[in-house]
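Look for subunit A in each of the two complexes below; its partner is subunit B in the first and subunit C in the second.
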Partner chain A sequence: MGILLQTLINGIMLGSVYAMVALGLTLIYGILNVPNFVHGTLYMIGAYIAYFAIVSFGAPYWVGLIVSLIILFAIGILLERIVFRPFYDKPLINSFIVAVGLILVLENTALSLWGPEFRQFAAPSDKVIKVMGVMITAQRIIVIVTAAVLIWLVHLFIKKTRLGSAIEATSQNPDGALLMGINISHMRGITFGIGTALAAVAAVLVGPILLIYPAMGHTVIGMAFVIIIIGGMGSFIGAVLGGYIIGILETLVTSYITNFFTEAIIFGLLVLLLAVRPTGLFGKPH
Partner chain B sequence: MDKKRKALCLGVLILIILIIPLFIKDEYYLHILVMSGIWIISALSLNLILGYAGQLNLAQGTFFGIGAYATGLLMQKMGLSFWAALPLGCLLTATIGFVTGLPTLRTRGHYFPIATMCLGIAIYYVIARWDDVTGGARGLFGLPRPDPIVIPFLGTISFESTASCYYLVSFLVFITIVVIHRLITSLSGKRLIAIRGNEDLAQALGINTMRDKVICFTISTFFAGLAGGVFASYMGSLMAENAHFVTSFEMLLNVMIGGVGTIIGPIIGAIFLPLLSEELHFLGGWRLVVYGLILILTIRFLPFGIVGGIRTALAKRHDKRGV
Partner chain C sequence: MLLEVRHLDCYYGQSQALKEINIEVEEGECICILGANGAGKSTLLKTIAGLMKPRRGEIWFTGKRMDELPAYTIVREGITLCPEDKKIFPQMSVYKNLCLGAWIHGRKEERIKANLEHVYELFPILKERSDQDAGTLSGGEQQMLVIGRSLMSNPRLLMLDEPSLGLAPMVVNSIFETIKEINARKTTVLLVEQNASMALKIATRGYVIESGRITMAGTAEELLKNEKVKKAYLGI
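Up next, the complex of A and B:
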């Protein structure tokens, strides 16, 4: 019982991270129609920026988180403007390959500047809370609560503000949105920024628990794609629910079945799912 | 160009390729040429599925890794000769390609690169973690070079020297080019190009698009496995990273910078980039950053690579003369 509860809490924590990364990815997909392969690399950059703010400049944890959020928001807007925008009217394959180029650039810059070694920064609190015979570190609670609050805020932003409604309108029907006087280019930039900032926050939240290194985004981006395919590409609720489900599933597989082939099992299951439903669980048919 | 001149050009080219080792005495440059040959085979394999059928397979590097590990393990653990292990390794890769192509090729548009990326990650983790068989993260060491071939009365050909490996790889490159050229100039090649253009339309015209895509995918994984198998025996050691999607990226670079959808393009890319890589050696890790920038700029300004750029330039000159 204790182990199961511990596993579930770890699963929800991992799920919180996945939900945030997948939410960013799905927002970007919904509005730009681009599967953003760079997302995992930007997640990594977000973690490093917080690391330097906290460890090199001695900033408090929360300041590091906000600095990383703001910088990655700006990087997202810049990337959309400079790198992705010229390719909207080009064949689909071009933006994929540009994303691959960006991964090479960003990841190897990180590797050359900061080296391959693992890094970590301290959690804001090292308290351990004991509930029903289970030890929970404060950082796990911080991850779970912050993620939930942030996801709720993004939801409110999209549903309750003018800007959010404009973003939603653009994702539903870009031509219609254009006719209503919405500046689509702006919406694309802002969405790319928000999506990227979400990935950065997710990385900073797990920074004290997992390790920071240049290739840390590889598995996360793979998982995020698994999640948004299962939840339906572009779907808000699909990405969030899918994130929690995959996070819990991954921890359960690791604890109870095998800790060597977890990733192979999950990615293999996705390929099988696509065999049965080529557009994912909730996707529309071709 | 008439047939005679074409044959002459081809003859001269083959002669140049044959006598190159007589002039290059520096083993290191010969080594780069061998690596170029291996990259040519793998770039042509990716180009077949990407350039002709229009499907971006991000697991191509993983199939390279499967071919490499299969050939290496068949030699090391089963004691097979290279000449038996290589074809078996390629067949195994193509079988896995066929089995995994069936589900992934059902997806279209955005879903296919994502599905193949996930497939690649899944297989990579199997290779990286299956310690008992693949050696896991430590990798695989001490793989033998191809066994010597004994020709009665004439002597034996051994493959210890880099020059002999150069000839072997050149021969395999030649076979690959011939097979892929035959394939894309055949009727099924035309069908693939139709699928690349518009899959729904191709299907409406009565093309069994799924069948053609699966056949193309299987053949392309066969050649990726071939490149991997030769790589394993030539290098003598393997790391799980050889099966990572970074290898797919490297293939993609060769194809895109040379010119996607042509035979000569990936060949140019696979010769040009390793040479460039030597020139950029002083950059260390920044080399790949430069590569990434080159890739982005190529797609932006020369979407059909070096070959596409030359063609456009020639067409412009032609137009000017016409006026």
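Up next, the complex of A and C:
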């Protein structure tokens, strides 16, 4: 019982990270119709920025998190403008090649600047809370709560604000949005910024629990793609629920079955689901 | 002159869709553009709305050059388009679709509310359906939504691309009644139709477009009497 509870909490924590990364990815996909392969690399950069803010400049944890959020928001806007915008009307392969190039450049820069070694920064609190015989570190609770709050805020932003409606309109019908007088390039930029900032925050939240290194984005981005395919490409609820489901599932499989084939099992589930529902759980049939 | 289109040439890749188009529209008119399928009617409206850029020629509106402006600024100048394929936001509510129509009004809540009242008055069904997703509306209701949404920006020139397409005769009648009413309230209308008999009933003047060229122009009466128009577009 104790172990199960511990596992579930770890699963929800991992799911929180997945949900945030996948949400960013799905928002960007929804409005740009481009699978953003650079997302995992930006997640890594978000972690390093917080690391330097916290460890090199001695900033408090929350300041590091906010600095990383703001910088990655700006990087997202710049990337959309400089790297992706010229390729919207071109075949997908163009932006794919650009993305692969960008990943290589960014990761090799990270590798040569900061080296391959694992890094970590301290959690804002090292308290451990005991619940029903289970020890839970404060950071796990911070991850879970912060992620839930941020996901809720993004939801409110999209559903309740003027700008949010314009973003939703742009992703549902870009030409329709243009006819309303909406500057769709701005909407794409803002969305890219928000999506990227979500990835950065996810990375900073797990920074004290997992390790920071140049290739840290690879498994996360792989999982995030699985999640948004399962949830339905472009679906908000699909990415969030999918994130939690996969996070919990992965943790359960690792602790109760095997930690060798976790990814294989999850990919197997994906294939199974797509055979039954080709558009994913919440995807819109075409 | 409210709208002036001069020597307009438009292409899709290599193939020319519009050739030397010249059109003039005075404030308050209701102009119809007749033409067979593929003649270039939608291309003309899309180009005026800024969704396509012409290769040659100019578009002037209230003395300002339009064809060089980015598409999203055209509606601010007072031109709106109800496109043939509607371009609604299917997973957003009817209410949100309408509010997006007033995007250029920013946070002028009073004005947006007044416009909303006006649209609900023209199309009471939209008020009933205001919380429903736009994608769940019937074809006729969607057409009403598109017209309603375009009125939310208080256009000086309202362009409609085949508003009768695929609708039942009863619905077509009421849509045309509404267009007539909108025009009577001082909004200039540029109407593209294959349903020539309906269009010429409410239009003041018209143009006929064939394979990308204007081949005829005249008052609605002249066009109604013209033998060629009778044969080709009125089925008489």
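Observations on the model:
Basically, the second predicted complex is superposed on the first by the 268 of 286 C-alpha atoms of A that agree within 3 Å, B and C clash if a C-alpha of one lies under 4 Å from a C-alpha of the other, contacts with A are read in each partner's own complex, and residues count from 1 in each chain.
In this text, a residue touches a chain if its C-beta (ideal position, glycine included) is under 8 Å from a C-beta of that chain, and two chains touch if they have at least 3 such contacts.
Worth saying up front: this structure is predicted, and the values here are computed from it rather than measured.
By the document's definition of touching, of the two partners only subunit C reaches A:G176; subunit B does not.
By the touch criterion defined above, A:N108 lies against subunit B but remains apart from subunit C after alignment on the C-alpha atoms of chain A. Of the two partner chains placed by the overlay, only subunit C lies in contact with A:I184; subunit B stays clear of it. Contact with neither subunit B nor subunit C is seen for A:I28 once the two complexes are overlaid on the shared chain. Ranked by how many residues of subunit A each touches, subunit B and subunit C are led by B. Of the two partner chains placed by the overlay, only subunit C lies in contact with A:A166; subunit B stays clear of it.
Listing the residues of subunit C that touch subunit A in their complex gives 49-51, 70-76, 80-81, 83, 87-92, 96, 99-101, 103-104, 107, 149-150, 153.
Put simply, subunit A touches subunit C in their complex at residues 162, 165-166, 168-169, 172-173, 175-184, 284.
Of all the residues in subunit A, the ones that touch subunit B in their complex are 29, 33, 35, 37, 83, 86-87, 90, 92-94, 96-98, 100-106, 108-109, 111-112, 218-219, 222, 225-226, 229, 233, 260-261, 263-264, 267-268, 270-272, 274-275, 278-280, 286.
Only residues 50, 54, 56, 100, 102-104, 106-111, 113-115, 117-119, 121-123, 125-126, 129-130, 249, 252, 256, 284-289, 291-296, 299-300, 303 of subunit B touch subunit A when the two sit together in their complex.
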